[in-house]
Structure formats: C-alpha cells, structure tokens
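Each chain carries a letter (A, B and C) given by its place in the written order, and its residues are counted from 1.
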Amino acid sequence: MTRHFTSLMETGADETAALVESARAFKRSPPKNRPLAGKSVAFCFMNPSLRTQVSCEVAAASLGAHPVTLFLGSGTWKIAVEEGVVMDGDCPEHAREAVPVLARLCDALALRAFPAGKDWKEDRKDAYLAAFRRHSTVPVISLESAMGHPCQGLADQMTLRERMDPRGKEFLLTWAPHIKPLPLAVPHSAAEAAALAGMNVTIARPPGFDLDPEVMEKLSSVCKARGARLRVSDKPQEAYRGAHAVYAKAWGSLSEYGRPLPADPAFRALWRVSADKMALTDGAVFMHCLPVRRNVEVDDAVLDGPSSVVVDQAENRLHTAKAVLYRLLTGKHYSQEASQCPMPSAR
Amino acid sequence: MTRHFTSLMETGADETAALVESARAFKRSPPKNRPLAGKSVAFCFMNPSLRTQVSCEVAAASLGAHPVTLFLGSGTWKIAVEEGVVMDGDCPEHAREAVPVLARLCDALALRAFPAGKDWKEDRKDAYLAAFRRHSTVPVISLESAMGHPCQGLADQMTLRERMDPRGKEFLLTWAPHIKPLPLAVPHSAAEAAALAGMNVTIARPPGFDLDPEVMEKLSSVCKARGARLRVSDKPQEAYRGAHAVYAKAWGSLSEYGRPLPADPAFRALWRVSADKMALTDGAVFMHCLPVRRNVEVDDAVLDGPSSVVVDQAENRLHTAKAVLYRLLTGKHYSQEASQCPMPSAR
Amino acid sequence: MTRHFTSLMETGADETAALVESARAFKRSPPKNRPLAGKSVAFCFMNPSLRTQVSCEVAAASLGAHPVTLFLGSGTWKIAVEEGVVMDGDCPEHAREAVPVLARLCDALALRAFPAGKDWKEDRKDAYLAAFRRHSTVPVISLESAMGHPCQGLADQMTLRERMDPRGKEFLLTWAPHIKPLPLAVPHSAAEAAALAGMNVTIARPPGFDLDPEVMEKLSSVCKARGARLRVSDKPQEAYRGAHAVYAKAWGSLSEYGRPLPADPAFRALWRVSADKMALTDGAVFMHCLPVRRNVEVDDAVLDGPSSVVVDQAENRLHTAKAVLYRLLTGKHYSQEASQCPMPSAR
C-alpha cells in the first residue's frame, strides 16, 4: 500500500484490484457500525464538482467520519505553492502552512486541482497535488489533477469488473467532440484502469491528440507485463470493432495546448459516439465519466440505450470512495466477512 | 402518500394534516435514537436560502441522516433539462444523468429552483423540479419552485394549528409592497395550507396581482369540498375585518410579469401591514415566511408586537422538515408514542 | 461564565485558563462518547476562513454535534442590523428575524464578521456581532470581529502554556510588514491572551500603529492586577531582547485607517521577523495566527526553524473550539477524568 492515493499507476495492479474488491463488498453489504467514527476528512475543491463532492461526503459520513468540504480560494484563502517565494502577490497563504495545518485537524486530505490550461509542461507537474503530498502528515487523495483522476479510474475498473472478467478483453478509449479543450485526467486514468485490469487497450483519437508521453510509456509497460496489447488509432470506425467496452471522453490537444477544438460538423460526426458505431462492437458497454454533453460527445440513443453504464460508473464512485477511505484510515481492506460479523462500535 | 413532496395540493388534506401531527410530535419529543442513520439527503440550491438550508440540514442530521448541501451551478456544473437538446451551450451536464446519479448516491433529493422571472407560461412548468421528479428513483422534495413552497406551507399550517383549530376560521393572505416583483411560490402555498386546513380564505391584492389561475381553481375546489369560502378582494381595509390570521407577502404581477412594483408611497401605505390594520382583525396572528423587508412590507410595530408568529413559523420549518424526511424515508409518520419507547439504535 | 464567548477580556483570566485546561484535556484524551449529540451549531461566515471553518466543524462533529456552515450574504440573504430602518435597500433580511430564527434552529451561533475598513469609529462597534448577541437566545461565539478574535487568542494562550509557565515571562507582540492594512482583531486578542496569562507584554509597532485605546486600557489594568508590565516600543531590535515568545502580525493604522502600508524596503526589513532578530530573544517561540505572507512578514528561516509553533497554534484551534462549545452547551468544563470514565452515550 502506498501512503497516498493520487495515481492508479503508483497504486499498482494488485492494490487497485483489492480496492475494487473492497468497494464491491461495500456495495453488497455496507457496514452497520461506523468504522471511521471520530475521523474527519477534508475534501478540498479548487474546481466544480457534483459526483465527486456527493460521493465523497456520503462515503465518509456513512462510515462515521465527518467530511469537511472546502472550496479553496473562494470560501478560503488562495494558496501559494512555490518554495522560497516572497509572498507579496495575491496569495495570502502558503501550502507549507495550510497543508500541515489541515493535516493536524483532519485524518486525510483530498484535493481537486484542475490544470491551468496554458502550459502543459507546467500543468503536468501538478504543483498543488505535489505540495499536498509533500507537506501532509496524513494520507492525500487526488480528486482529479492534471495528470489523473484515480477515484474515477477506480470506479471505472469496478464497473468493468461488474460486467465482465476484464482480462484479455478489448477496451476502447475514444476521443469525443466537445466545445472546449478539456483536461486529460480522465482519459489517463480510464486507460490506466483498463490496463491495470489486464485489458487490451485501444486509444482512438485524432492526430495531435495523444495522451501524455509518460502516461503512454507506463501504459505500454503495464500492458506488456500483463500480456496485453496497447494500440493507438486515428480511425474511429475501425477502432470500435470487437470492443467489449467503449469509453468516450473529450480532451484537448497537448501539442496545441489550450487551443479550441475543431468544430467542423463532419469532424464532429466522425468522432461522436453513435448507435451505428456501437453496433460495430462485440456488444460493448458504453462508459463516460460524466458530465457528458449529449449529442455533442455522444448521441442520446447511446446514452439512453441498454449498453450505457454511465450511471453505474457514477454510483461506483461512492463504493470506491469508501474503499479508499477505509484503506487509508484503517490500513485494511473491507471484506464482506467483516460486515457480516458486526464489530462493536469503534466509539 | 405520494412518492414525492413537491406540492401541498398533491399531498392532500389528510396527509398534510398527518405530517403536521408528526411535526408536532417531533417538536414535543424528538427521538433519542437516530431513525434515519445511514441515510443521506441531497439538498440542492439554485438560489439563496437561510431558513431552508439550516432547517433541512439540522432536521436530517438530528435524525441521523447525512445532509449534502449543494449549490447547483456555482460549486457544481450547470444542468440542462430540455430533452433531445444538442448540448453545445453553457450547460455541461443534463438532468438525465445528474438526477439519476444523485438518486444512486442519496436516499432523497431536495431542490430549490426559483423561476427565471421572464415568462410565466414557461416558469410555471417548473422545468427543473419536473426533471427531478421525472428522472429520480428516490423521493423528491421541493424547497421552493415557481409554483409553490410546500415545506413553508406545511410549517405555516403547523403554526396555525398551534394557535387555533383552523376549521371555519378566517385566513387573510394580503399582498404587501416590496422593491422587487417576488415569486408567487409562498402565497400559493400559504393559501393552499389554509384551505387544506379548512379555513375560509380571503386573498387581498391590488388589481392585476391574482395568483395563478390553476392554483385558484384548486383552492376553490378544496374550499368547496370543506364547506369553506374563498374570496378575492382589492380593499385591504375591509379584508382585515374578522381575520384570525393575517399572512403578508409581496409578489409580482403575472399579467405584467417581471415588471417593477408600484413604488407610489400612498399605494405602499395602503398595502403595508400596520398596527392599525391589525386592530381591525379578530385578534389575528401575524404571519410571514421571512425574510421580510421591515417598514416596507410591514411595520416594526407589527413584527415586534405580540401577535407576530413569524419566528415560530421559521422554527416549525425544522419540525415539518423532520416529518417530511421521516415519512418519505421510512414510509411512516412519527408519533409521540414512538418517541416514548426508545427503539434500539438503528446502527 | 459569561453566556457568550465573544471577547477574552469579558471571559476573564480564570475562565480563560479553565477553557485552556479543558482544551488540553481534549487534546490528551478526546471523549469516546458524543457529549453534544443531538445539538447543532451554526457557523456563520461573512469572510473567508480556513483554520476557523475546519477547526470549528471538526470540533463540533467530533463531539457529536452537527455543524451548519453558512456563508452569509453569498449562499444566504444579506442581513441588515440597524434598528428602525426602512428596508428598501440591498438587504432583504434583518438580524431581528435572522438571529432569533437561527437560535431556534441551532443550539449556538458563531459569527465571523470582519470590519468594513473605512471608519474605525463605526467598525469598532462590531454591529453584526452586537446584533447577534442582542437578538440570540442561545450562546454566541465570535469567530473574529473588528475588535477581537477570541478563539485565536485562546489557542494562542494554550500554545504558550504548552511551552512554558507564562506567569512573569516576556511576550512580544511585533507589528509586521504586509501588502494590505489588515484588521486588528488578532493583535488585540493575542495581547489579551498573554496579559490574561500573567505575562509581561511588549507591543512593538511603528509610530501611528497603536492598538485600540480601549483595548490598551484593559490590557493595562489586567497587567497591573497581575503584577505584570505593559510596554509599547517603536524599536524592534530592542524589543526582541529577552522575549520568551514573539508574536508577529501585520495590521493597519487606526489613525490613518484604511491607508496602504509603507512599502519602503528598508522599513519592511526593519520590521520583518528574521533569524537575526530571533537570536536576540531568550530562546523565544515564534507565533503567528496564519495565514502568513512568507518573506514579507517573516523570513522562511524563522517559519521553518525549530522555534516556530505556528502549526501548533492552528492545531490548538481545534482543541480550544471543543472546550468553548462544550462549556457553552453543557455548562461544564471538560476534564481528563471525565474522559477516563466513559459516560453512557448522551443519546
């Protein structure tokens, strides 16, 4: 077990699988006692959230912990992270104080910090998340940073495992049209989740829309280690063939970082997920992290059809959040047996 | 029992009275156990709130449930509700996903969505509330929509029942001056609450300030069924005579929807609630949903005098919120007997 | 015991010391039961917060109470406080209703209301806090107002007592450079906390940066009563000599209220806390309420050095918040004995 939960690749295949098993046990039989009673967790948001805030709050509260939801920089002070800085700018607070203080007041810290969207070389350093990891004396959880969204990835892997034995199955991550060049955290984590589960991974994207090179390298080495295939394609039609899972997501180009996406209707139609394209697959489930722009990224017919598991993915955010919190705060994985023999209250 | 709690008229006279009895039992003897332990409720606000947020949070928490307070569109994503829309505008999320997801994460969903204030024909459809009802698999509670504010109405009826046997008594809903054309949710629900309690209802308002015709029709049929009288007046002085309860509220004109209110001092004085006017009543209690603009809607002398029950109304928001949550989440009404025989903790 | 906790001077030396003892007992051995179960506390913020929100929420929740965090004027209605006002301006709600209502819904009310920063004569009246005290039927806690920050002062005194027997020791409150003329709440409360603990108090500040005269008068009489010395200096170098605790804080001038602070580098260097200056002390601890502007108010070397207790101060916000809530809501102080003999759950 790593101390923090900020990257699926760092967490690794075995631990990821164990967390998913724990999450499935939470889903089958939630604990009757409050195993995290007396604990508190700070959920720090620098960006909007719906599923993440609700799933985290409910996960913590249902285990007996107190969730503190903070909107950093709006209800609170803006936080500097650079070392040695003369703080005469617009940040009245430094992570060197803010993080250790939060770590004294709470038993775990979770952070959502989107990239700024101007310079990928800077953004990919994930300065805020790195500062939280560096200065925290308690476990840190990423609720999405520039490089990944491990909580989403864990829920994605859980959803895949609920529908199939993922080993050797075909996972297609397909780029989707959008009105804005979105971050790459979700495509990174979705591909990682599938690779760590032993799937063959195909990434279909227009030229110029590759994932981060370091992420690709790690994907490649995980796939190789698990005897799976990693493939990149710019032909969506082809890429759908034989897929067991289609994961759609819009993201921006790293080579032309921050640039608006092509809005050409034919281009959009080529990449939008449709029932026609889904018909090319091997009965694939349709996945998306949500929120999704209907009829821009994917047609209503797919989202509202029987192959869509997007609401399951979102529900599984709750169960996987419980698994992560339980693991980081007790050192153990939750198992159905534990829940069947109710322990005396931890109070 | 209807599945949702979004309209007093839909809830009906018997169920409304039973909820008020439950609320009075909660007020007399709050449960010692945590009957809703392990449950969570999402309270979604698209508009500001004070009483509503606090009463809902405290009601849920004191029954053992976890309240998740969300400010939709600010801390979260903006939500589209139209079906079949191509989502290339400013809403990144659709109710078709957002609502089912919330319903997987929480055991009940509550929504405050004020009208936009431009087109009453559109506003009265309550698109957001309708979308929550349509797409939720768990009970939906209205925390105020264009057409009504049933939680407020329930607290109003409770306050009336604490002071009198309302059957056959005189209820005056009087329009009050204001600096802005406010929504009609509260006057709608206040009149409904009184009618459902069997009171004779008088609505005093300037010409052009009628309530919604469908609301008036339902009020008329409820009053008829209960042997009570429904009257509309544009003569405030007359309307006060014989009243047992005076409920003041400012609202905008539906026929000139969105237009500023008349600011003429004489007109304002004619409609402002004063001690003189209250002296014409049969010792009426003075009611208002709050917030109230002092010395614009009503004089200090009335608000600070002994007939004012406005703070009781607000306190009763807590007890009625408990009654609604308890009913929707357990299927039962709370009774004093239940509270006197403490059950073993649900944990 | 006073009914409210809004001023250290009003709370007095004995009660302040007892609260610190209670806080130390909470730190050593948190209660296993939930002594405030069923209670709720409204934490009302008119200004940003990090330590205060988190420490208050966690303190309340860990004692079993439900914390309701409100951002007054943003998520809620703007509140008027003047008596007799015709409310045709931008405040739709008056404290005469808002406060009694909150007091019906919650068991204690806490308020953060910074000064407006234009007229000290007005600001020092603390109109919002005064309105809360006047209209609340339940205990009121100040989370910082123009005149003081008693929760911070209590944590400061606790931190001092953890490091030394403060009686007769030398406490230096030193003005520090900043980019903005900050409020005086913290320097007021820090000096009060030290004086009430029996320390000799030195206040080093540039000419024109005196504390509020009434605060100085009370400090003087407390110091006299405790046989201690109160001194004001404009020579920072001298002032550091022999200090056992150095408390740095930036604040604005009351005589030139609202004016920007001098930005002259030499002036800033004269007043910035440095390792050189700390070397003049008698091994003093370094204190700051946070957030702190690094290398503007104080050098990295001091903040990151072994004498800094700033993170302890912040942690002690949690324990002192528990002590205050416990005292106000149960009438008792918490003691280690109480925690060693677990009482049956208050539920």
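Convention: a contact is a pair of C-beta atoms (placed from the backbone, for glycine too) under 8 Å apart; a residue touches a chain by one contact, two chains touch by 3 or more.
All values reported here derive from a predicted model rather than from experimental measurement.
S.K.: Go ahead and align chain B to its copy chain C using Cα positions, then give the rotation in degrees, nearest 5.
M.R.: That pair's rotation angle lands at 120 degrees.
S.K.: Same or different, please, for the chain A to chain C contact, judged on whether over half of the interface numbers appear on both copies.
M.R.: Result for this pair: different.
S.K.: With chain centres defined as C-alpha means, what is the inter-centre distance between chain A and chain C in Å?
M.R.: Centre-to-centre distance between chain A and chain C: 39 Å.
S.K.: In chain C, what residues contact two or more other chains?
M.R.: none
S.K.: Touching residues of chain B toward chain A in the complex: what are they?
M.R.: Touch list, chain B to chain A: 38, 40, 42, 66, 68, 70, 74-77, 80, 84-88, 92-94, 96-98, 100-102, 104-106, 347.
S.K.: Would you tell me which residues of chain A are touching chain B in their complex?
M.R.: Spelled out, the residues of chain A in touch with chain B are 30, 32-34, 45, 48-51, 53-55, 57-58, 61-62, 71, 179, 290-296, 300, 303-304, 310-311, 314-315, 317-318, 345.
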